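Each structure below is given as structure tokens.
What follows is subunit A paired twice: with subunit B in the first complex and subunit C in the second.
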Partner chain A sequence: MSDATLTPAADRPAATVPARRPRWRKTLRENWLHAVMLPLALLWLSPLVWILVTSLKTQTEVFDQSAGFWPASLTFSNYPSTLSVAPFGTYLVNSVLVTGSILAGQLVTITLAAYAFARLSFPGKNLLFTLFLLQVMFPIYAIFLTNFVTLREMGLVNTIPAMIVPFVASGYGTFMLRQSFRQVPAELSDAARLDGCGHLSILWHVYLPLVKPTLIAFGIISVVTHWNDYMWPLLVTNSEGIRTLPIGLGLLAKADSGADWPRLMAGTTIVVSPLLLLFVIFQRRFIDSFMHTGVK
Partner chain B sequence: MKSTKPNMMRRRLLATGLAAPFVSAMPGILTPARANDTVKLQFMYPVGVSGDINTIISNMIAEFNATHDGVEVEAIYAGSYDNTEQKVITSLGVGEPPALWLPINSSLQTFLGLDALEDITEQAKADDIYDDFIGGFLDTAVSDGRLYGLSYQPSTPVLYYNKDAFAEAGLGDAPVTWDELMTAAQALTIRDGDALKRWGLTIGGGWHDWMFEGYCRQNGLVPWEADKVLWDRPEAIEALEFWKKMVDAGCMAPASTWQGSANDFMAGSTAMLYHSTGSLTNLRTSSPFEVGVAFMPKRKQFGASQGGGPIMIAKNQSDAKKEAAWTFARWMTNTENQAAWSRATGYLAVRKSSWQQPEMQQYLAEVPQAEVAMKQAEYSGAFLQVPAYSRARDNLKSAIDRTLAGEIAPEAALTTATADTNREIQRVQRRQG
Partner chain C sequence: MSSSFARARRNEMLLAYALLLPSLIFLAVFTYWPIIRSVWFSLHDVLLGDPEIFWLGAENYLRLLDDRLFWKVLGNTAFYTLTTIPLSIIVALLLAVAMDSKLRGMAIYRSAFFYPVMIPSVAAGMLWVFLYAPGYGPINAALTTLGLPRLDWLYDSDWALPAIVIMSIWKYSGYFMLILLAALKLVPSDLYEAARLDGVSGWHRLIHITVPLVSPTLYFVIIIGTLHSYQIFDYVYVMTQGGPADSTNVLTYYIYQNGFQYQDIGYASALANALLIAVLGFIGLVSVTLGRRVHYLGER
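This part shows the complex of A and B:
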């Protein structure tokens, strides 16, 4: 925050010199966005900083008003003691497996479904599409029991696929992608057809490269949703060996006695860091793909 | 437009897509083969208090499995009390309940309504359960004189107070009656002009209906029967009017949250707190001041209702499983295990003999506060065991919240909540036939 307000103030003496005034204006004109973005970035960062700081405090320090914001000494022992509560390593592998498989499955199904809804004509298309949209409107909790019964009949209860199978199709993703496909000029696919492409090749060579931003946006939403999902994995799994990270976090948020904050925050750091890391690594690619696209 | 890089990306994407079904089929293969001669039991439990419950339970189960041939218990962590109930009801819905589970005691009528519980009265009578369990705890699993569970992790609300704040305000012991409570709360409230520095009293939100039932009991009323709630009785209305009076006097917080209220107490933003005995260890060890524990003040008598839960055994399973389940429930509640569990968690041991154990005596010498809660159990009973208790709780909480916020008069709020709840209970009973 202080940086943002300082930038113009520091330049003010220079502004009294008439000759330099345009340059000051130019700097401001080119960088005003930073002045707006910086406080926002700090605001966005503050919960993360708070999580990190709390995870390094002692239990008493969290509530002692005289203790101040920073921990007196860094208590790294919260991390090992959090890890000892549950097999977080196994949970991490499972979370990656579940979230990854869901995303992979979804990308295949929504691409094919969205193409069909956007570019093909077949009987009952509108009715089917309405049904897809209905699925978006049902809260997931409303269909827990029926999903559970189905999975039990498939013999999947208490297995990793139980957390994946109900989510491999996505009404929301299909809708999102269909809208993007419809914005692709028909001339492009017509040209591809003249060149001898079938449906799959058109989809592969024409549509998918053009809707990459949508795919990435959907991917982010899907990964975040399923990475953080708690209730469904809790319901369909029993064995520790196949459970996911949020269930480990649940162990630290106690109902009867108030949460064990330092360890809960240490656990939260462990749970969110893979996602943050992923974002930092792929950040450039995410943003590039939003910038360089043929479709607006 | 671009090099081959995007193509490789796509190929990798495709490969991942193709791999999904295979990857997801793997854990099925990994599921261990089931042996035929051992009885396998599933036990679903929630995590209610601080301390590594997960580890403690796992160790107990490992010990049980090691010492009992032919029985193998699998402990399944099932989230909060609500989550646990949902998980059990879902399994009941598909006809494959766990052998045992540990819900909150209020859900007794809910599970009885589903015809899910095994009657264990005869086994308990043949054993020492009726002699050795502390009466108030045993009662939480009794309906129509029959026993449906073994109390395992009982708790009651108690009054926690900040001893330093009491000394500062020139107060001696904790208040014993409602009137003393209000006087103390007023003396402990600190305001700086309009800004509030410290509340005199906070009643832990989220479970304030539980505390409210305690107030009704202190005023001589058990505010429910097996098929209806009685919140519109004068005793209950009087209790809510007392809360309103304290809020109007500015010495009691009109609303709070469960964890927030505990945090406020530890941070010194409230001098007295109604909270569960389950919080004792956390409050005691995390507060930077000395924490006092007292009975909830009385009106006509002391009174409290039981939180926490009993271990229940499923009806819909083979006799071999039922027998093994009884052995397990009996083992979890035996003298030594209850003493160890109580020390580790802050829950109250359910057996009289547990409190006589030398290590328990030593614990009481170190933490005399623990004994207060145990003694209060004498004046306590089960908590709101009506069908549709969850809806009933929501109705009552909303009535209390609206009253304290000044939107509605205590009598009108409680009358409406009672009528709504009783209608809902009748609806549920009709549906169950």
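This part shows the complex of A and C:
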């Protein structure tokens, strides 16, 4: 009662105004941010635009300084000409095969290992977990040399499995999945256990359905990494029939010795479009996957 | 009673090892065995494809210390890592802060900065060879328009490595931005509100509130960035082949040259070990210097 008399109702909104910023200031701030962000975003996008525009130009237009940015007329013939010089169809099949096999292998190994680390107790657990985590520090770029020698001794060089086997175990994936498994309430598995379910059927029927988002996130990161991988497939392949898309593109560049830019950019468009299309379609999923690699 | 309990424990243990086995086999053969083996190789004279090997002791390592090209390559690697990582993180942090303010059209901006992560390194490398072309490349054309001098970029030993750094910032900032954005979303907004009411300027809020609060993530991004910096092999292989005058030759590429072009597995292994020590040392250094100063909000 006394409160109401001390601060008349009309004054109350005024008292809260300084805390909430006026609308026009917010709009001003937004416009200012757009003025910075828009040119920056265009700058970031410009290489992509250059790939597309150049792939539709003629050779002479590329080298002519006065020709301007847009092609005088759209030259689509660069695409069939690229497809005729290199077997991109075969490359595509190989890329799908390699990336798919790596993902399938990883999903099996990380699921089993992550369950052991999350829900079972056994001696040497911490040491083994450290060994898994350390693998993240030793990517193929750091140990390719001896891996190559090993695969050579196994007689696997220049085969599809050579591109797959070094990546089947994933310390990173095991870590990610273990974190998710640990968030599954223990009561759920205890209830299933009382019903007479074994560990493996609990893993399959209780845990896996609950961690689907993590599996998808890991899957997207794995596919992007191995689909784009260049160094390892380059080292272990030397025949046309088993090469992947990035290797094919590299060879095309070498064959052209950098002169036929329109054709090369048509090839680049062909190589980058599968992932970029998936990215545009499943934008949210892609963004979420990469976003939460940091906080878990 | 107690024996059935012991049996249950033993069964659980056996099950655990069985579940770990598939991963452990692959880890052992393709991660840990190569490291042990590369130490062994580095102490020998080994030629690719030659079954005969000879004991050399520390000779490969002594040769490494005397190898002027090795020191140059190490310097290039350090230059690349120590410029690319801080610069992309600064760009990423500024972008993330701008986007955290619920900007309209944010989804479009986010994708615009993130899409380079989806581009294969070989395609990115080739594309930028074209962008950097001294005669007809768009970057030089843009410099001319701005009234700046044209550069030879990848053909100039002073500019080739910085050119790869610039490309890497374009390629990776978007990824770091996403990770930082996720961390920023967890910062309670009343902290900013309070600071703003106290009249703290935007710049000071960034340095004194945002950076300390996302420091665990910054630390994580530095580690991720270090591991991604290995990928410079792809760019060097596609764009410059280490040239001009070894100005873009980096450790991974130098290992490749010695192992695959000169077939000298022994020396290349010594180099690979030097790389691993350098990377582990760098990560160790980061964790004792920055890792200790990381601020955790609440339990995280």
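Methods note: the second predicted complex is superposed on the first by the 204 of 296 C-alpha atoms of A that agree within 3 Å, B and C clash if a C-alpha of one lies under 4 Å from a C-alpha of the other, contacts with A are read in each partner's own complex, and residues count from 1 in each chain.
We adopt the following convention: a residue touches a chain if its C-beta (ideal position, glycine included) is under 8 Å from a C-beta of that chain, and two chains touch if they have at least 3 such contacts.
A quick note: this is a predicted structure, and the numbers were derived from the prediction, not measured.
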Which of subunit B and subunit C A:Val224 touches, first, second, both or neither: second
Contacts of A:Gly250 with subunit B and subunit C, given as first, second, both or neither: both
Contacts of A:Ala118 with subunit B and subunit C, given as first, second, both or neither: neither
Which of subunit B and subunit C A:Val108 touches, first, second, both or neither: both
First, second, both or neither for A:Leu56, with subunit B first and subunit C second: neither
If touched residues of subunit A are counted for subunit B and for subunit C, the larger one: C
Contacts of A:Pro209 with subunit B and subunit C, given as first, second, both or neither: first
Partner chain(s) touched by A:Gly100 [first = subunit B, second = subunit C, both, neither]: first
First (subunit B), second (subunit C), both or neither touched by A:Leu177: neither
Partner chain(s) touched by A:Ile160 [first = subunit B, second = subunit C, both, neither]: first
Interface residues of subunit A shared between complexes with subunit B and subunit C: 62-65, 108, 144-145, 148-149, 152, 165, 168, 230-231, 234-235, 247, 250, 258
Parts of subunit C lying in touch with subunit A, wherever the complex brings them together: 12-13, 15-17, 19-20, 22-27, 29-35, 37-38, 41, 48-49, 95, 98, 101, 103-105, 107-123, 126-131, 135-136, 138, 141, 170, 174-175, 178-183, 186, 193, 197, 217, 220-221, 224, 227, 230-231, 233-234, 237-238, 252, 255-256, 259-260, 265, 268-269, 272, 275-276, 279-280, 283
For the subunit B and subunit A complex, residues of the former touching the latter: 1, 6, 10, 13, 16-17, 19-20, 23-28, 30-31, 42, 46-50, 52-55, 74, 76-81, 83, 86-87, 90, 93-94, 96, 155, 258-259, 262-263, 266-268, 276, 278-279, 281-283, 285-288, 307-308, 346
Subunit A to subunit B touching residues, read off their complex: 59-60, 62-65, 84-86, 97, 100-101, 104-105, 107-108, 144-145, 148-149, 152, 155-156, 158-161, 164-165, 168, 204, 208-209, 230-231, 234-235, 238-242, 247, 250-251, 254-260
Contact set on subunit A toward subunit C in their complex: 18-19, 29-30, 33-34, 36-37, 40-42, 44-48, 50-51, 54, 62-65, 108-110, 112-113, 115-116, 120-123, 125, 128, 131-132, 135-139, 141-150, 152, 165-166, 168-171, 174, 199, 224, 227-228, 230-231, 234-235, 245-247, 249-250, 253, 258, 261, 264-265, 268, 271-272, 275-276, 279-280, 283, 286-287, 290-295
